[in-house]
Amino acid sequence: MTNSKIKTAVIGANGYAGMEIVRLISSHPHARLIAVTSRANEGKRVCDVFHGTPCELTFTHPHDPAIKGCDVVFVALPQTAGASIVGELIDSGVRAIDISADYRFDDLTLYEKVYGAKHPRPDLNDISVYGLCEHNRDEIKHAKLVANPGCYVTSALLPLLPLCKHGLATDIIIDAKSGTSGAGRKSDEAYSFCAIDENFKAYGVFTHRHAPEISEKLGTEVLFTPHLLPIKRGILSTIYFKTKDEGAAVEMLKNAYKDCPFVQYSDTLPEISAVAHTNRCMFSARFDKGRCIIVSVIDNLLKGAAGQAVQNMNIMFGFDETAGLPLYAPI
Amino acid sequence: MTNSKIKTAVIGANGYAGMEIVRLISSHPHARLIAVTSRANEGKRVCDVFHGTPCELTFTHPHDPAIKGCDVVFVALPQTAGASIVGELIDSGVRAIDISADYRFDDLTLYEKVYGAKHPRPDLNDISVYGLCEHNRDEIKHAKLVANPGCYVTSALLPLLPLCKHGLATDIIIDAKSGTSGAGRKSDEAYSFCAIDENFKAYGVFTHRHAPEISEKLGTEVLFTPHLLPIKRGILSTIYFKTKDEGAAVEMLKNAYKDCPFVQYSDTLPEISAVAHTNRCMFSARFDKGRCIIVSVIDNLLKGAAGQAVQNMNIMFGFDETAGLPLYAPI
Amino acid sequence: MTNSKIKTAVIGANGYAGMEIVRLISSHPHARLIAVTSRANEGKRVCDVFHGTPCELTFTHPHDPAIKGCDVVFVALPQTAGASIVGELIDSGVRAIDISADYRFDDLTLYEKVYGAKHPRPDLNDISVYGLCEHNRDEIKHAKLVANPGCYVTSALLPLLPLCKHGLATDIIIDAKSGTSGAGRKSDEAYSFCAIDENFKAYGVFTHRHAPEISEKLGTEVLFTPHLLPIKRGILSTIYFKTKDEGAAVEMLKNAYKDCPFVQYSDTLPEISAVAHTNRCMFSARFDKGRCIIVSVIDNLLKGAAGQAVQNMNIMFGFDETAGLPLYAPI
Amino acid sequence: MTNSKIKTAVIGANGYAGMEIVRLISSHPHARLIAVTSRANEGKRVCDVFHGTPCELTFTHPHDPAIKGCDVVFVALPQTAGASIVGELIDSGVRAIDISADYRFDDLTLYEKVYGAKHPRPDLNDISVYGLCEHNRDEIKHAKLVANPGCYVTSALLPLLPLCKHGLATDIIIDAKSGTSGAGRKSDEAYSFCAIDENFKAYGVFTHRHAPEISEKLGTEVLFTPHLLPIKRGILSTIYFKTKDEGAAVEMLKNAYKDCPFVQYSDTLPEISAVAHTNRCMFSARFDKGRCIIVSVIDNLLKGAAGQAVQNMNIMFGFDETAGLPLYAPI
């Protein structure tokens, strides 16, 4: 049975998103891992680094030759660090799903301004597909390179994209709150337990890199303020906008994802706990005199990163879109 | 030394705000408690109910005759429940500081609509003083009845009032996040540890009672969305508005509270941990193309309730405004 | 494919353990739910009560006739409340897995003393099998009625049973710490977020009901002290004992569960995060001059309740023991 | 009024204990700070480093000449790092309170074995006084050098010392649990929010440095196991022992601290929340057939470090022992 599974690898499996992909693939019915890489942990067994993990593999380096034999590779390296590695994979004929922002932007000039780096492979940027599954299924199916969307971005785009495509939302403000895993695995006093617990803060006001990603995909400027929650995982975005047609907007929100197993309109306001540890996005809307407030929730490590990456793999290989992905939040 | 202290009492000392007043007065240099009341705990010693509390008093009922001998009484009863009791105190010549919303509104019709109850003492509403200390010091000094502001309200009014008085803020949106103690002491599964921990949610969208209180005091409509943080204490309000004059707005924010020991403009964005367990409010502002974002933080139980109540008492009796109030946040 | 799955139901699906069974069965490859009951929620859809849950069922009452058509039923009712219902199931020829303590004790007199109630079905107590999977696989396979072990009990018995069977542990003290979900879904101020967060306490010193369950199964008296952790899920038991043969004890601990997918000896001391959200138990031991300290961790809702219940079902029906059960802890 | 206050300084004010001393002295009625040092922050204002802190001072280096003018200096440097600096203070005639373990041990050989370093000032070790306030008041009063006890140690010694002095406790096991601030301010992924939150672990089994400190002071070997709680502050120690005389032991525990404002026997089991943010220690005991379990709680940063240091200062200068120290736990 294992033999019929597709072969995958995770490059950069030391970070939270990478480790979550490892976890999801470990129980996936149609895929298996043949390599996981981490420069920091090269030569160590995965089970020793993440103690207790029932994974048989040993960390290798990003150029482990086994990787070239994969059907698809997940690249979970920091921004700009992995762009060339992704390029080598594609050049070798290996499909790739990139968790970083390197191949997400249509406008390379914008990318280079936002990330302060020259893009090493503009040629691939042209063929990369933006992996917001529910909106780009057909392109993802045949993509060589999928750029997995940002976590905050996913929470905002899923409710807003249908509205913006029909001119039903203007003056958009996104007040977003993320769990601390969104900052990545860090040895940094600012992310220590004593600094985060019983605390809450805004950061990146007017400057966060997810703002231009949201704006590019929506085709309109947005005001975006991220905040740091004292929880491990989950994003809640409170979205304010004006609409010229409340009725059309609410119908749009209720119907846009009718056939999507992971995206759901809710009559009650969704909480993070309803989607934590799942690959789902839930949102609800309230209207008053032309003003609208949407509350949208996802798990930042799943629908906002590793889960959407696996969902993209499922689409790329024609598997059931929900294969290996949790739908049901634990207590 | 004790004899020279003024005599106070707390009516409704079973709730979080009431208990925090008890704690503050217990180490206040110029005030002492002669009675604490709680129908639920009548006859029990405070130290037995709040185990370990080094308080010598026994809970009595709200009509404990000792209360009439007080110089000032804190009433920490739920909305509408305490309005008549406050009235009796004032009728007896005892000054009162009411933690509830009963005497906060200028417009009684608005109060009655928001709280769904007929006000029992419109006569007293006319003489009550709104206890936002930094704005009403002179009136508070001579007030018989002080209406302590709401917690969310305080976090929003302190930065916004100076701006609105000068027409420097329009299109105001307040996205506020509060610690769970803001909901009060509750036996309710929705506030159980397992429901709140690792969770975050919006509530009261378009309907929260603090919205009309903010709007009345600012003299302009605002959009207000409260959220529930998995922390015990603290409020952070992210405030969005448009301004016609960025320079004037920032100068106003930096100077409005120059002589106020508890209110401080910060160049860096303040976090809840900077003010938790203190009576301070900190805020900072960021501007971009006529759009402004203010981040304002307080401790909801201190500057948002018990601390501001004691600050009001300090003003009423001519004590140093900071007497008995913490300025310095613990780790 | 659905048709080939066995039919199950959960009686008492309003509690945490019941809901976790619903969640596990929802993605189980060989079982499906045909009924979930909850008196409190009768007539409501599961997805409305646990908002966002992608479950199609509607809560019924415990005597829902559909239940009699099940292959096996999970009963997750409070102690003594479900003993008769379990009896009716068995009388009807339906196999049952009881999450409560009702059928766990060999000694009914002890049960009646500990739980302060007359046992309604002593006849069934005689045929019930204690569902500590790794120790009773053969009996569980053919059992009509499986009594699922207590959560604290599981964390202690897995390391201690092999030792006690060989006389390798005496003077046993179990200092156990549990996440708050162990107390169940509660509307009780003592379990409110503000009472639990940033707090920690011991309870039930010398009196907790899991002490006699542990003692009966080990065949020796133990000192057991439970504590309440400010986390949602997980138990860590620190176990102190004396041994006459350190070498034999450590060999026993390392080898007793060699072929058990869910139980693992670890060289490093295991943390709760290594097993949270999994059905695994990990433990490690340290020895010094005849004194031994074992640290044992489980997820109280999975290996300590719902997970072990499903593992019991897997054994009863000849499924792969790990089917539908998570092995890999998330971040 | 300021002029009549004694002059103090904190050397090593970048750590949690140092900052808590700064906070306590800032509102102390009889002491004021004239210098705070931190190599890492030299030249920066305290209010900029700990944003929001209403402290007027600027960090200097540990040899700031102002320090020599102090009446007493708090040294909050890591073990061994501060021993020479303490020595220079004493040589200059400045009294010192050392938060580290450097001067705590009677037996220097034991100290050097436990801390793996040669002691630079054995001469001063001979004159240092162990600052467990309730037990050494008379010596502390006249001490030039006070060695502030360890946090875990304080939680254990306060209930155990009276018993051990009278031979009322044997076979002592201390299962201790500490909040994360006990590990100090750290840039270390192992203390990151995501590693600590929803987690719990034992560490230092058979090897923690507080075990020999406890054993030396009690005059008997103990088994000591520390654990790391996902809370910011507080220690709860669960202490197991055998006693030959339950009646005498309980009387001893109830009476030993009758006149001590900070130490209290409680009939109910004390929780960490009863003492967090205070300088108090509470404990309670349960007995059964010659076995005893004591639960003892303190705030690790106050009674376990900064608070006890200030209490020592109060004793050294003849101030009211409770001056400037919180007795009343917040919500």
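We call the chains A, B, C and D, going by the order they appear; numbering starts again at 1 in every chain.
Going forward, a contact is a pair of C-beta atoms (placed from the backbone, for glycine too) under 8 Å apart; a residue touches a chain by one contact, two chains touch by 3 or more.
Worth saying up front: this structure is predicted, and the values here are computed from it rather than measured.
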* To do: With chain centres defined as mean CA positions, report which chain is farthest from chain B.
  => C
* Using the touch rule from the top, work out which pair, C-D or A-D, shares more C-beta pairs. => C-D
* **Computed distance of Cα centres, chain C from chain A, in Å** => 35
* Structure fact -> Distance between the CA centroids of chain C and chain D (whole Å) is 40
* To do: Please compute the C-alpha centroid of chain A, do the same for chain D, then give the distance between them in whole Å.
  => 46
* Overlap residues in chain A, where contacts from two or more other chains coincide -> 16, 181, 194-195, 197-198, 230-233, 270-271, 331
* Asked: Hey, which residues of chain D end up touching chain C in the complex?
  -> 173, 175, 177, 179, 194-195, 197-203, 205-206, 223, 225, 227, 229-234, 236, 238, 240, 269-273, 276, 286, 288, 291, 293, 295, 331
* Under the touch definition given earlier, write down the residues of chain C that touch chain A in their complex. => 16, 19-20, 23, 26-27, 51-55, 181, 197-198, 232-233, 261, 264, 266, 268, 270-271, 274-275, 277, 280, 282, 301, 326-331
* To do: Provide the residue numbers of chain C that touch chain B in the complex, in ascending order.
  => 16, 180-181, 185-189, 191-198, 230-232
